[in-house]
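Consider the two complexes below, in which chain A is the common component and chain B and chain C are the respective partners.
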Partner chain A sequence: MILIITASIIGVVLLFASFLLKHTSSLLHLVTVLFAALFGVAIWEALQPTAILTQSFYLDAIRVDRFTNQFNVLITGCLFLYILLMKKHIAAVGKYKAEYFALIAFIMVGIFMLSSFNSLLVMFLGIEIVSIPQYILAGSDKENLKSTEASLKYFLMGAFSTGFLLMGITLLYGATGNFMVSEFNFLQATSINPIALGGVLLLIVAFGFKVSAAPMHLWTPDVYDGTPTPFTAFMATIVKVAAFVGFMRLFQTSFTAISSSWSLVLAVVIALTLFVGNITAVFQQSVKRMLAYSSIAQAGFMLFAIISLNAIGRQGMLVYTVAYSVASICFFAILIKMKDYTYDGFNGLAKKQPFIAALATIYMLSLAGIPLTGGFMAKYYMLKAVLFEGSYMWLAIFALLMAAVSVYYYFKVIIAMYFKEGEAAMIDSFTKEEKLYLTIGALALLVVGIFPSLLTGTI
Partner chain B sequence: MNPHQLVFWILSVIAIGGALGVILSRNPVASVLFLIVTFFAVSGHYILLNAQFLAIVNIIVYAGAIMVLFLYVIMLMNLNGDVEPQKSKLLQFAGIISGGILFLVLLAAFKTTQLSTTPINASTSIGLISELGQVLFTRFVFPFEISSILFLSAMVGAVVIGKKD
Partner chain C sequence: MPIQYYIFLSLALFSIGVMGTMMRRNAIIIFMCIELMLNAVNLLMVAFSNYWENSNAQIFVFFIMVVAAAEVAVGLAIITLVYRKVNSVDINILNRLKN
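Let's turn to the complex of A and B:
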């Protein structure tokens, strides 16, 4: 709860900083301190003795439970890593340096709302607070036509999906007569109200848009490709995971009783997402575009947490948060230094920068889901969650097949780095701090891969 | 048919006719004018539901401010001709099929729903401003206050996007 207030204050402070601080370096120091403070507040909140209980705030509009606290710590940790690695690049995107960081802080407000809402109104506002600053960040590179296109496309698609979301909320409200997620009691009704089912269907579509699940994924490659790379790294990781947590929270608390009515729809969406994401990623030439499709493919795995409706799925979501976000953020931090975003741009990186190439290999292995890395454990928990329920065996087998396909395009980067001759031209060299942060990211992935119980043990 | 129902049916016909006009007219300016008609009809429905404040706000904000802005943009960009590129037949067909399926699903849902026949016991002052304020500052205080963050970020965005470098 204090986290939401802190993030709002950070945003406002940064807006003031935009005209009070003249030097970029002092702004970047302030940003580091503020986001470190946010991380600190998240940890402090999770360490409170009451953190393991479910607490409600503001007449039950918000309900903070153990999962919320754990997720908030992990996501602010990922955000801090992102800020440390990317702050220089964010400041280089355009003229409005402090505003970009302020918008990121506002997005965090929305993310904390998504991880703790108990009212559909709060959920809707959370999604909008997350979305609207993203449209702006997508178009922040105003000189670049592709960035503007990405922004407009994202805005139109996002507004369209918001329409679905609102219609779904309206139908649910009409059918049940309340906004409180925890009070939808479909079991008590003698027959399920069909209008509520229509609402659930529309909510699946709307959330599918936000998490880029096929067939609602068509905006993703263009938007992720056109957006300035530092912001793509944010949108594809932290924001996406938060949207998943909102999705999971809504469906696990409210729609478990009627899961037989919607789980088949979701299963088809998952299968399509895995297929489209992985198969299209194989044919990409640009690594940035490949990462966009890979984020669709990973979304397919994350959707398992929603269809499985059990505690293992929630644990898997936490592991996935760390494994996917950290690996992607760190790899984006390497990609951003490359001159050429195609696979050929990575040729010969191992000779020139052996340490960076080794780290990049770890990130790629984790995204592909090779054992001993966090990505393996994330995928393992998701499959375990869905197999535990027992009804979607075919989906799990299909997911395994698709994970095998994904190894191809992740390894293409490793092969380019190690086994091909080339220049691997870079715009900028890595500073000592950046190397340190990248190493911390890689170590985090390995630790999660070997001791996943550090994250999941307490749920 | 009592006068209340008569007004309801007249407003409904205007609202649906206006909405069809928005999507069927080829001229964007005519579309916007039809949309204003629709908003007025919907405001009429709000008054029938005893929500006077919502009705007024709907007219002031949507029919007043936003639609004038729309008209302004359309006229500034000189879009008042039929300039929309024609979509391919296949795309149109796919659109009709998928839209029709969604319509069918929702229609079927509404058809099988049992409408409750017991009237809701609400006080007559439910749509008045004082009632709305009471609810906004008690039950919905969190969503109400937090929406300021949404508007603040939208304003920041307008400056970031709109200001000349």
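Let's turn to the complex of A and C:
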């Protein structure tokens, strides 16, 4: 709860900083301090003795439980890593440097609301607070037509999905007379009512848009490609994971009793997402577009947490949060330095920058889900969750096949770096600090891969 | 009046909005259709609120209005930005992104 307030204050402070601080370097120091403070507050809140209990705020509209606290710590940690790696590049996108950071802070407010809502009203506000600043961030490179078009496309698609979300919420209210997702009538009355069923299906469509599940994924590649790269790294990782947590929280709390009526729809969505994401990613020439499709493919795996409806899925979500976000953010931090975003742009990187190439290999191995990396454990938990439920064996087998396909396009980057001759032209070199942060990211992936219980068990 | 009338009216408005969003090419008109979807939701919210005899949904409607206003502020700015660049608000320019 204090976290939501802190993030809002940070946003406001940064808005003031935009005209009080004249120098970019002092702004960047302030940004680092503020987001470190946010991370600190998240840890402090999770270490409170009351953190393992469920606390409610604002007439029970917000409920902070143990999972919320765990997730908030991990997501603010990923955000801090993202800020450390990307702050220079964010400030270089356009004229309004401080505002970009302020918008990121406001998005965090929405993310914390998504991880702690108990009323559909708070969920709706959370999703909108996450979405609206993203439309602005997508169009922040005003000189570039591609960025503007990405912004328009994202805006129209996002507003369209908001309509579905609201209709779903309204139908659920019509069936139950309540917005509180943990109320008794919300859990029971939905089992027979066709209006409620319509509401649940509309919510699947709306959340499918937000997490870019097929067939609602069509905006994703274009938007991720057109958006300035530092913001793509943010949208594709932290925001997407947060949308998943909101999705999972709603469905695991409220719709478990009627899962037989919607889980088949979701299973088809998952199969389509895995298929479309992985197969299309194979044919991409640009690494940035490949990462966009790979984010769709990873979304297919993350959807397992929602269909399985058990505690293993929740733990898997935490592991996925770290494994996927850290690997993608760090790889985007390398990609952003390249002159050429195609695979050929990576040719010969291992000769020129052996250390960076080794780190990039670790990120790619993690995204592909090779053992000893976080990505493997994340996929392992998700498959375990769905197999534990028992009814979707075919889906797990299909997911494994698709994971094998994904190895192809992730390894193409490694092959380009190590086995092809080329220049690997870079815009500027890595500073010592950036190399340190990238190493920390790679170490985090390895630690999660070897001791996943650090994330799921203790905190 | 029975609640069904309101449900059918709202769903009709909502469907008009959905069809308009998918079929029209002008960004402003698409935007208006999205607003129509939101207003269909508002109408249904108020009708259900009356049906259940509690005021939760009426409060929700205010929030929808506020969020819609925020969306308009951002959305029209984006559409203006596009218009300045290409002198058109036709959605077909989005296809250029695919290259």
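Following the convention adopted for this analysis, the second predicted complex is superposed on the first by the 449 of 459 C-alpha atoms of A that agree within 3 Å, B and C clash if a C-alpha of one lies under 4 Å from a C-alpha of the other, contacts with A are read in each partner's own complex, and residues count from 1 in each chain.
As a convention for this text, a contact is a pair of C-beta atoms (placed from the backbone, for glycine too) under 8 Å apart; a residue touches a chain by one contact, two chains touch by 3 or more.
The structure presented is a predicted model; accordingly, all values stated were derived computationally and were not measured.
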Combined model on chain A where chain B meets chain C, clash or fit: fit
Partner chain in contact with A:Phe101 - chain B first, chain C second, else both or neither: neither
Touched partner set for A:Lys146, first chain B, second chain C, both or neither: second
Partner chain(s) touched by A:Tyr135 [first = chain B, second = chain C, both, neither]: both
Contacts of A:Tyr324 with chain B and chain C, given as first, second, both or neither: neither
Chain B versus chain C as contact partner of A:Leu125, first or second or both or neither: both
Once both complexes are placed on the shared chain, angle at chain A toward chain B and chain C, C-alpha, multiple of 10 degrees: 10
Contacts of A:Leu156 with chain B and chain C, given as first, second, both or neither: second
Chain B versus chain C as contact partner of A:Asp222, first or second or both or neither: second
Partner chain(s) touched by A:Tyr173 [first = chain B, second = chain C, both, neither]: second
First, second, both or neither for A:Tyr410, with chain B first and chain C second: neither
Distance in angstrom between the closest Cα atoms of chain C and chain B, superposition on A: 5
Where chain A meets both chain C and chain B, residue numbers: 121, 125, 128, 132, 135-136, 139, 142, 151
Complex contacts: residues of chain A adjacent to chain C: 121, 124-125, 128, 132, 135-136, 139, 142, 145-146, 148-153, 155-156, 159-160, 162-163, 166-167, 169-170, 173-174, 177-179, 222, 225-226
Touch list for chain C against partner chain A, complex: 7, 14, 17-18, 21, 27, 30-31, 34, 37-38, 40-41, 44-45, 48, 51-52, 54, 56-57, 59-60, 63-64, 67, 70-71, 74-75, 78-79, 81-82, 85-86, 91, 93-94, 96-98
List of chain A residues in touch with chain B within their complex: 4, 8, 11-12, 15, 57-59, 61-62, 94-96, 99, 102-103, 106, 109-110, 113, 119, 121-122, 125, 128-129, 132-133, 135-136, 139-140, 142, 151, 175, 193-195, 197-198, 201
Chain B to chain A touching residues, read off their complex: 105-106, 108-110, 112-113, 138-143, 146-147, 149-150, 152-154, 156-157, 159-161, 165
